[in-house]
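Please go over the structures that come below.
Shared chain: chain A. Partners: chain B in the first complex, chain C in the second.
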Partner chain A sequence: MTETTENARQAQRKAAMAVLAHSDAADIMGRLDAVALPAHENLREPENGLVMVRGRIGGDGAPFNLGEATVSRAAVRLSTGEVGFGYTLGRDRQKARMIALCDAMLQSDQFAGAVESGVIAPLRAAMVANRNRDAAETAATRVDFYTLVRGEG
Partner chain B sequence: MTTVAELPAGFIDKVLSAQSTFRSVMDAMARPGSVQRIEAVAGEPAGVMRGTAAIALTLFDHDTPIWLDARMSQTSAVAKWLKFHTSAPVTTDSSIASFALIGDAPGLPALERFAFGSNEYPDRSTTLILQVESLTTGPAFELRGPGIDGTIVLQATIQPPDLFERLAINQALFPRGIDVVLVHDDVIVAIPRTARFIARGT
Partner chain C sequence: MYVAVKGGERAIENAHRLLAHERRGDRDVPEVSLDQISEQLSLGVDRVMTEGSLYDRELAALAIKQARGDMIEAIFLVRAFRATLPRFGATEPVDTGEMQVRRRISSTFKDIPGGQILGPTFDYTHRLLDPQLAEGWVPEPPATGEASAAAMPRVTDILGRDGLIEPSPEAVADSAVGDLTREPLSFPADRDLRLQNLARADEGFLLALGYSSQRGYGRNHPFAGEIRFGVVEVEFFAEDAGFAVPLGGIALTECQMVNQFKGSASEAPCFTRGYGLAFGQSERKTMSMALVDRTLRARELAEEVVAPAQDEEFVMSHSDNVQATGFVEHLKLPHYVDFQSELGLLRKLRKEFAEAAEAPEMQEAAE
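Showing the complex of A and B:
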């Protein structure tokens, strides 16, 4: 595989992860049910853990530990050898497993198209629609403050 | 070169498998010389027995440096598998290792090369996990010590043949010392530092 297609695939996986991690587990499951799933096994059983979330006060501030957040992770291997990894905030182990499965399928030439069109694209559309609606609702309540030229000076 | 696509899987059921394996190892340690079975099923890399794999997945973590003998480190498969599933660091310095995996007997260095712990922290010693040929047939070894009612006879085919003579250093070192877990397939026998070797049977 050439470097550009490798990079394109990495970018595709990254974009898919961003969508899946923000989607509801029930939505992913609903979409995934409609796709023909290849044989797969859990390379790493879904598990919960903690990560330390670090923050900065300002762009040049010293990093500090904000607190811990629960994460779930899983690794799934297809019978054809592709390994997918899933990480998500929260304790939903099934969601982590489904994300890992999607990630593995995205790497397989045979299933990438089906997952992209059957799972990722609809979820992305729903996510974008939600964001736009929220943005529109917020924009509708926008108040423009302006100051008349004051008399002094 | 092993890629992640070829890595054997871990425990099917992480929590229960780790608990039952822990129980087997604890029972083995509490009853030196007794043969305990490990029920948990896990994928194992080439050269690693079922029992060894289960013990590794149960007891190893990022705080326990692991030393591998020449057989185990022949390919990077074992180290990668350990790293992926347990995140334990693999070290080449046997004197700081918490556990040492011994795949074949000539790979067992002099016991002085491992950690004995200190008088304040005798627990900071290396636990040897030694794969052996058989734990049910072979020469008889008579043991006594805490956890053994009188004496116990262990029938095993163990390499190196002078293992128990070498473990006699535990007597002088106490409370420091070396604990050994013998593994054959899915059965284990523990020889903690308090066990004393009396005699070879027939």
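Showing the complex of A and C:
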């Protein structure tokens, strides 16, 4: 596989992970239930942990430690060998496992299409719809302040 | 010295049982759920996450419920929980410039690219108690407008283009980011450590210090250059995957304070800045934090340290409400042995005092 296609695949996996991390576990499960799943096993048992969230001084300067966040992670291997990784904020280990499973399937020529169209695409559409709704609500609070000139000049 | 006492186990057990009963309150009143706390007391949850230094809404809601609404107790519970989980590592630094903004205002420019967006705010409310809320009132759905695709650069970035404001300090290559949860504080402390300390610091303490600096105890002439609140994406470099994986989004508030000038014979004067960042919608906290971040830069900016808000050892040693409450509240634990020894000493001193007072009279009587 060339470097370009490798990068493209990594970008696709990352984009899918972002959608899944933003989705509710129940919604992911609902979508996965409708897809034929390959045989797989846990390569890393789903587990909880913490990450230290970093910000930047002034927003764009040197990093500093803001505070921690709970995360869950898992790794899944398909019987055909593909290994997928799942990471998400929060303590839902099953969600991390489902993300890992989707990630593994995305790397399989046999299953990538099904998981992309059956799971990722509809969840992405829901995520975008949520964001657009939030953005529209937010936009309604945009103001035009104007300063009043006092007196004559 | 604190000498431990034993006993009282049954009383302690029964006291905790009584606490659980009181926490539940009148059993004819429905119990509050974690979802209700998280959704309807959301700013309290944000504060517990920020000062508990752990982003997890559900855990913060549980802590608030368990602590009967006592915020510092809830923060204490969250801090203690952190110790039960392993840390996988640190995230990539979040980019607040790419925030999905829910609120963004500037008190320095009215026409900023991307606009002024009020979002959900208490500002401009009349602070009159609303009896409707006591009666199961259902609010209207929010109004909607046309969202703009325009970028929302940080206001400080706009000022920075003309050199009117000092740039943010750049990362020093190969130097580790300070972490006060791993190494005890020592002074002087660098700005990364100071910001970590301020981020988890008690809001009331920072509010009072920031206020004191505005009133003249320390040099501060600030403008709120920008306050923004919204969701930022978090990524974590996962060794096993071999790339930075997305973890999801977290809500953050950021405050950029713009302060009066520094300059020198070789450098043109420019605005200086203070920075605040916190989990959730924590506006008062980040504004106070940014004020105190700026006052604590006195040493770096060659300003005379004359006020508490400029004294980093004073501020950083007293900002943590879990440490503070531990030391203040330990006073209520049994100190019987200590107190007995002080009583003994006091009785001895009083006896000596009485003897000294009697002694001259005896002398007079003898003459």
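Simple rule for what comes next: the second predicted complex is superposed on the first by the 143 of 153 C-alpha atoms of A that agree within 3 Å, B and C clash if a C-alpha of one lies under 4 Å from a C-alpha of the other, contacts with A are read in each partner's own complex, and residues count from 1 in each chain.
Note that in this section a contact is a pair of C-beta atoms (placed from the backbone, for glycine too) under 8 Å apart; a residue touches a chain by one contact, two chains touch by 3 or more.
As the structure is a computational prediction, the values presented were derived from the model and not from experiment.
Chemist: Clash or fit: chain B against chain C, after overlaying the two structures on chain A?
Modeler: fit
Chemist: Once chain A of both complexes is superposed, is A:Arg73 in touch with chain B (first), chain C (second), both, or neither?
Modeler: second
Chemist: Going by the contact rule set out at the top, does A:Asn42 touch chain B (first), chain C (second), both, or neither?
Modeler: A:Asn42 contacts chain B only, not chain C.
Chemist: Which of the two partners, first being chain B and second being chain C, lies in contact with A:Gly81: first, second, both, or neither?
Modeler: first
Chemist: Hey, in the superposed model, what angle do you get at chain A between chain B and chain C, Cα centres, nearest 10 degrees?
Modeler: Superposed on A, the angle at chain A reads 80 degrees.
Chemist: Where does A:Arg91 make contact in the superposed view: on chain B (first), on chain C (second), on both, or on neither?
Modeler: It touches chain C, and chain B stays clear.
Chemist: Just to be sure I read the superposition right, which of the two partners does A:Leu50 touch: chain B = first, chain C = second, or both, or neither?
Modeler: Second partner only, chain C.
Chemist: A:Asn65 contacts which: chain B (first), chain C (second), both, neither?
Modeler: Only chain C; A:Asn65 stays clear of chain B.
Chemist: Between chain B and chain C, point out the one touching more chain A residues.
Modeler: Here the partner covering more residues of chain A is C.
Chemist: Minimum CA distance, chain B versus chain C, superposed model, integer angstrom?
Modeler: Checking C-alpha atoms only, chain B sits 7 Å from chain C at its nearest point.
Chemist: Chain A residues touched by both chain B and chain C?
Modeler: On chain A, the overlap between the chain B and chain C contacts is residues 44.
Chemist: In the complex formed with chain C, which residues of chain A make contact?
Modeler: Those in contact with chain C are residues 10, 14, 17-18, 21-22, 44, 48-71, 73, 75, 85, 87-91, 131-147.
Chemist: Which of the residues in chain C come into contact with chain A in the complex?
Modeler: 49-50, 53-56, 58-59, 82, 85-97, 100-103, 110, 115-120, 142-148, 154, 156-157, 167-172, 177-181, 191-193, 195-196, 199-200, 233-234, 236, 238, 240-241, 243-250, 252, 254, 256, 273, 275, 277-279
Chemist: Show which residues of chain A lie in contact with chain B when the two form their complex.
Modeler: Per the touch definition, chain A meets chain B at residues 41-45, 47, 77, 81-83.
Chemist: For chain B, which residues count as touching chain A in their complex?
Modeler: Touch list, chain B to chain A: 4-7, 9-14, 84-85.
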